[in-house]
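Lettered A, B, C, D and E in written order, each chain numbered from 1.
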Amino acid sequence: MSYVEVRNISKVFQTQQENLPALENISFTMEQHGFYCLIGHSGCGKSTLLRIIDGLTEPTTGEVLISAKVTNRPGFDRGMVFQHFNLLPWRAVLGNVEFGLENRRMSKRERRERAMHYIHMVGLDGFEHYYPSQLSGGMQQRVGLARALAIEPEILLMDEPFGSLDAQTRETMQTELMRIWSIEKRTVLFVTHDIEEAIFLSDRVIVMGQRPGRIVDIIDVDFPRPRDENLRNLAGFTEMRGRVWKTLKCAASEAKASAAKR
Amino acid sequence: MSYVEVRNISKVFQTQQENLPALENISFTMEQHGFYCLIGHSGCGKSTLLRIIDGLTEPTTGEVLISAKVTNRPGFDRGMVFQHFNLLPWRAVLGNVEFGLENRRMSKRERRERAMHYIHMVGLDGFEHYYPSQLSGGMQQRVGLARALAIEPEILLMDEPFGSLDAQTRETMQTELMRIWSIEKRTVLFVTHDIEEAIFLSDRVIVMGQRPGRIVDIIDVDFPRPRDENLRNLAGFTEMRGRVWKTLKCAASEAKASAAKR
Amino acid sequence: GERVADSALRVAITSPTQPSYVETIYGPVHYGAEFGLNITADDFRIFDSHATATQTVLAGQADIVGGSFVSHLIIRERGLDFKMFCPFVNMDDFVMAGRNGVTEVEQLFDPDTRVAIDSPGGASGVILNAMLQAAGTGKTIADLPNVRILESSALRSSVFVADGVDATVIHLTQFKQAAEQVSDAVIITTLYKDVPVFIKEAFAAPASWLEENLELAASFCASVLKAARELPRDFDLFVSAVNEFVGVPPSEAMLRETFDLISQYEFWPKNGDLEPEAITQMAKMAVLSGVLEEVPDPTEVVDRRPINRALELLGGRVE
Amino acid sequence: MDPVTRKDTWISQSRKNRIAKWGLRVASFLVFLAVWQWYGAKPEMFAVAPPSQVFPAFYEAMLSGELPKAAAGTLYTMAVGYLLAVVVGIVVGFGIAVSVWARNTIEPIVNAAYSAPMALLIPILGVYIGLEFQGRLFLVMVWAVFVIIVNTAAGVRETPPSLMEMAQSFGLNPWSIYRKVIFPSALPYILVGLRLGAGRALRGAVTAEILMSTTNLGKFLIDAGSTFNMPKLLAGIMLVILLGLVIIQGAEYLEQRILSWRRV
Amino acid sequence: MSGFKTAQQRGVTRLEKDSQIIQGEKLRLRDQKWFQRLLVWGLLVAVWEILGVILGPFFLPRISQVFLSMFAAFTNGDLTTLASSLRQMFLGFGLAAVVGIPIGLIMGRSRWAEYVLGIYVNALFVTSLEALLPFIIILVGTDFYFRVVVVFLFAIFYIIINTAAGVRAIDPNLFETAAAFCTPRLKLFIKIILPAALPYVIAGLRLGLGHAVKGMVIAELWVVVDTGRRLVDLGFARKLPEYFALALWIVLFGALANQILLSFQKRLTPWGSEIAGFTGSRKK
């Protein structure tokens, strides 16, 4: 029995203009302590899928099972890093990171310490008392990241958490994430656009095609850990990169073709 | 005389807590029809610099000259792609793209045609009547891109325009941007986190360090155009990549050291 | 009669028409032509405040104002040269109602008796003073130990019914309705039966206007006085007048009672009274009530010429 | 220049601004006084006494303690009624925004009641609630409560779903979501409602004192009005306006303090 | 949690709206609007009726009698009178909107306008406008325009204050966008400020409308005409059923106009901002 099982999920959005099928028949499983990357084109439904797994949106059909139990609402076992940060504008950085901890049984001091720890981890020391509107985009994203990490959830759902980061911060964050993951062994579902990032991080890459969003390929990544820059020089790496690339390309042209037919 | 001259720009933000020097003594020039990339860590002041050049924020000291004239307010000669998209929530995609054109003298039909042209260019055909809240993050970013392209400005200021795009869309957009640029020869200042993207696109890479934001290196990229995937295999490419990487890393550790001293 | 002027007379009235002074409008509209007056119901502007009505005249939006006698006196004391030239209501159906064993005037001065009146400047204050005077108590409302100030008679009567007060000044019609709800409600004293002299309402105009429009004022007054003479004679005529000018006419039975009161107690001045003694007495009451500083010279506050001329037009006094 | 995008430069100019602001205010007020004097001094402007009469009347009534005592009584009624309105208004406002039942059944009534002239109630209210303090309190409350309800409901509904989604994702219980997300997010609206409500509460208190049982400032105004003492009447009205301005400006100041995060 | 989730689905967020519709889930009886209204309103009516019986007609007319009088209003001319009052009310309210919205937009946008106008708007907002009525009568007389002006004054300050608050709440990024695309100052109002502040503007219009109705009644009570005169007369004669019937008609028309404004809001804000789905009843 897998730890997380996503079963036949579909989702149709109703808009004023039409019914938009966003996800179609998505099924996959995740083992405990696995690192999974979700990759796919813009608009293929990655965020929607993450929101369904987190229990924020109901799927039109299908269900999500965690430890064999159907789950349809958020819980402390899952932590989400939002694509659009979703910071509370009226709280400074510290308050935003503490936010997720406030429903847990812990002393104020402990909470503050934990928050400061993760603020340090994402490199925002000194900005604890800045409001989101005073931060750059990348800094805001790191606040969202710290907030999710701080609750130390079993399952981390990360929606393009490094999307607004610069290359170097990004690399630092990747390494940091790997380190945390290797120590505390969370189960991670990580959405990204970046093929190299996906391969670098994950045990398995789930490739999605679009219109409607569906799984077009699932690739196991067996490179030994810990991984580093040299990964790129391995023969298997370029090959794998090419495979994902091609799958995505195919899916896109298929989608275009089917859109043209409509 | 250079086309665009950025002269001794500094910027200090006043916050409740302190005075935050965001930019210090930034000077560089851009030639007409050149493609410039600005690269630097999150929070180093790239967006601020772009906003100053566009005339949206006043610098604390220094000035921006375009065609040797001091410029301190937005004009039709510059088009801006915002990092946070900044779409008007009450307008659908088409309306958002038309927005920039509405202050130009042109017939409604012409405006619509132009907007549709750029919507097509960014691959959003069929979404003309969707509101921003109904689009995925990457789709929203492409709307912002189309909006800036549509006014066909002399100078394009692009603040991480491909930040939320998936790899494939991103590549398509890069190629498309290159194509437009090679035909219509605009002057482009392009902010990115992605070193490869910077090298792939630009004539010159401006590397920024942080706290306070300043220029740490300016690198000319002489690879012949048109460029393609094979660029990566050139010897000079890896070298250049390494140089930028190192400069960024140094700047970061310097900043850390100076922060520690404070 | 001869035609005085074709220019319409515009009249500001300070409260909505009720059966007990329906002759105010009925007279000019129906008998005006006899005296050369060209006036319709539309020429009457009805307000809910004396100040507003007076202001309207001052601003030239109306020519004369019909309102409470005491208010006219106060206006004069404020330095505005208004003169009264025609009374239209002397008496009214105000009664002092009591309950919870309050049946005598003296009991009003018991600290346990809750009495509702309106504020000192209001009509019921002056009326209550007149009642207290007539009852020979030698006291005024200032001596009442336990008062509630409620501006409208409707409010006072509902509070009376709800047992919020033990005594109050209200209209007889309101008392009748109240008595249906309150078994021990009694009339302690009345304005019309127990107070010998009262001038409730009169028309006034700026002295300068009167100087120039004596004839017009006289014809107007004549038409009002004629109605004051005709209506109390004929119940059917009275009913038709009420139906014409009162928004929501009361039931016929109630009208009958009002009609009887009007004719029996001479609510309406048939001869244009406004005698100096009566004026002085009213002014004293106003001084007692604390709304007037001093008693004015009665010949100053009234321009008797229009009244005298009106009586001429009407062919003399009646008894 | 554009105050929003240039906000950093605005800060450095704030001193100059303050001077200009008060300069403009004082100047426009002087012009207003002059016009008032000219207008009120005309003999046919009986109801509009000129400032040269109103200010002395005001001064005298203040000195004699008549006006301060009346104002204190009115303010007391207003404050108690307003507090009631705040509690009821926020609770009902939240209820309407959150519960379908309340929205379907209570909101139409609130909307209708909001546009109903409350003065129409006075003749019947007194009988049930009494015309004394409780009656006035009730009137103050209904005068102020609807604007608070309407604004609170609007604010709650405006809470960005993305933030609530985030809070849900972090496992906040409903109570915490209200407290930590919906309430702060609705706060700007609620504060507008509270500010408007404070002004209305004052007006409601004065109106109740005029139309129900006459006391305090209401009595002051009625007495002056019914004896046609126009300077005194205007002096009373002036005090009501002054009190209102102080209340509103105070509320505005508090609003800015509370919402300081918006100005950064 | 489950109770909350229900509220979320139907009200506070629209997260679940889509799936609900698609699954075509039939609402239970107790979730049906008509059922809820029937129950709650029916209860209120019943309580009124019983109170009316207990208290007697002097205090409270039975609601059944009020309803009968409401029907009678069709024939006895009350509604015609009310209609003519409402015509003036809408004229005054329309003027207040036309004048108030631009002033509010400018005051929210320009500090200078705020410095000069703010204090007067606030002062007039807290003033009992009743005190100004005599003055207004001097200026415009007691006829048609008097009532229009009173309604105008009653409504406009709410519109101004809310509109200005809405403008101040606009996301600065939107101004930046407009500036970047060289939007001229004047167009800024139409293209950015008005749409962005629209929810506040409409809230202001709704508040203003409530006051316009009040202004109408007070003006007419003051110069005793039309509906106001009718109310005075009915009150004086203590014909409570008719009095309540007319008052209820006024309230009903006010509520109707309010509802129309709400539907305007939905029409004008189709971009799916949360407000659109919230205020007022939502189609199921």
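One rule holds in what follows: a contact is a pair of C-beta atoms (placed from the backbone, for glycine too) under 8 Å apart; a residue touches a chain by one contact, two chains touch by 3 or more.
What you are looking at is a predicted structure, and each value in this text was computed from that prediction instead of being measured.
The chains in contact with subunit C as well as with subunit E are D. More C-beta pairs touch across the D-E interface than across any other pair of chains. Centroid distances built from C-alpha atoms place C farthest away from subunit A. Averaged Cα coordinates give subunit C a centre that lies 40 Å from the centre of subunit D. Here the CA centre of subunit B is 47 Å from the CA centre of subunit E. Between subunit A and subunit B the centroid-to-centroid distance comes to 26 Å (mean Cα coordinates, whole Å). Per-chain Cα centroids separate subunit A from subunit C by 85 Å. Residues of subunit C in contact with at least two other chains: 49, 51-52, 55, 59, 154, 158, 161-162. Of all residues in subunit E, those that touch two or more other chains are 1, 15, 59, 134, 138, 176, 179, 235, 270. Annotation for subunit B: residues 13, 15, 56, 84, 134 touch two or more other chains. Here subunit A touches subunit B in the complex through residues 13, 15, 17, 39-44, 47, 83-84, 125-126, 129-130, 134-139, 142, 160, 163-170, 193-195, 245, 248-249, 252, 259, going by the rule given at the top.
On the side of subunit D, the complex with subunit C involves touching residues 43-47, 122-124, 126-127, 130-132, 210-215, 219, 222-223, 225-230. Every residue of subunit D that touches subunit A in the complex is listed here, in rising order: 162-163, 165-173, 176, 180-181, 184-185, 187, 259, 261-262, 264.
Against subunit E, in their complex, subunit B makes its touches with residues 51, 54-56, 73-76, 78-80, 82, 84, 86, 88-92, 99-100, 102-103, 131-134, 147, 151. The touching residues of subunit D, when paired with subunit E in their complex, are 2-5, 7, 17, 20-21, 24-25, 28-29, 32, 44-45, 47-48, 97-101, 103-108, 111-120, 123-124, 127-128, 146-147, 150-151, 153-154, 156-161, 164-165, 168, 173-174, 177, 182, 188, 192, 196, 199, 202-203, 206-207, 233, 237, 240-241, 243-245, 247-249.
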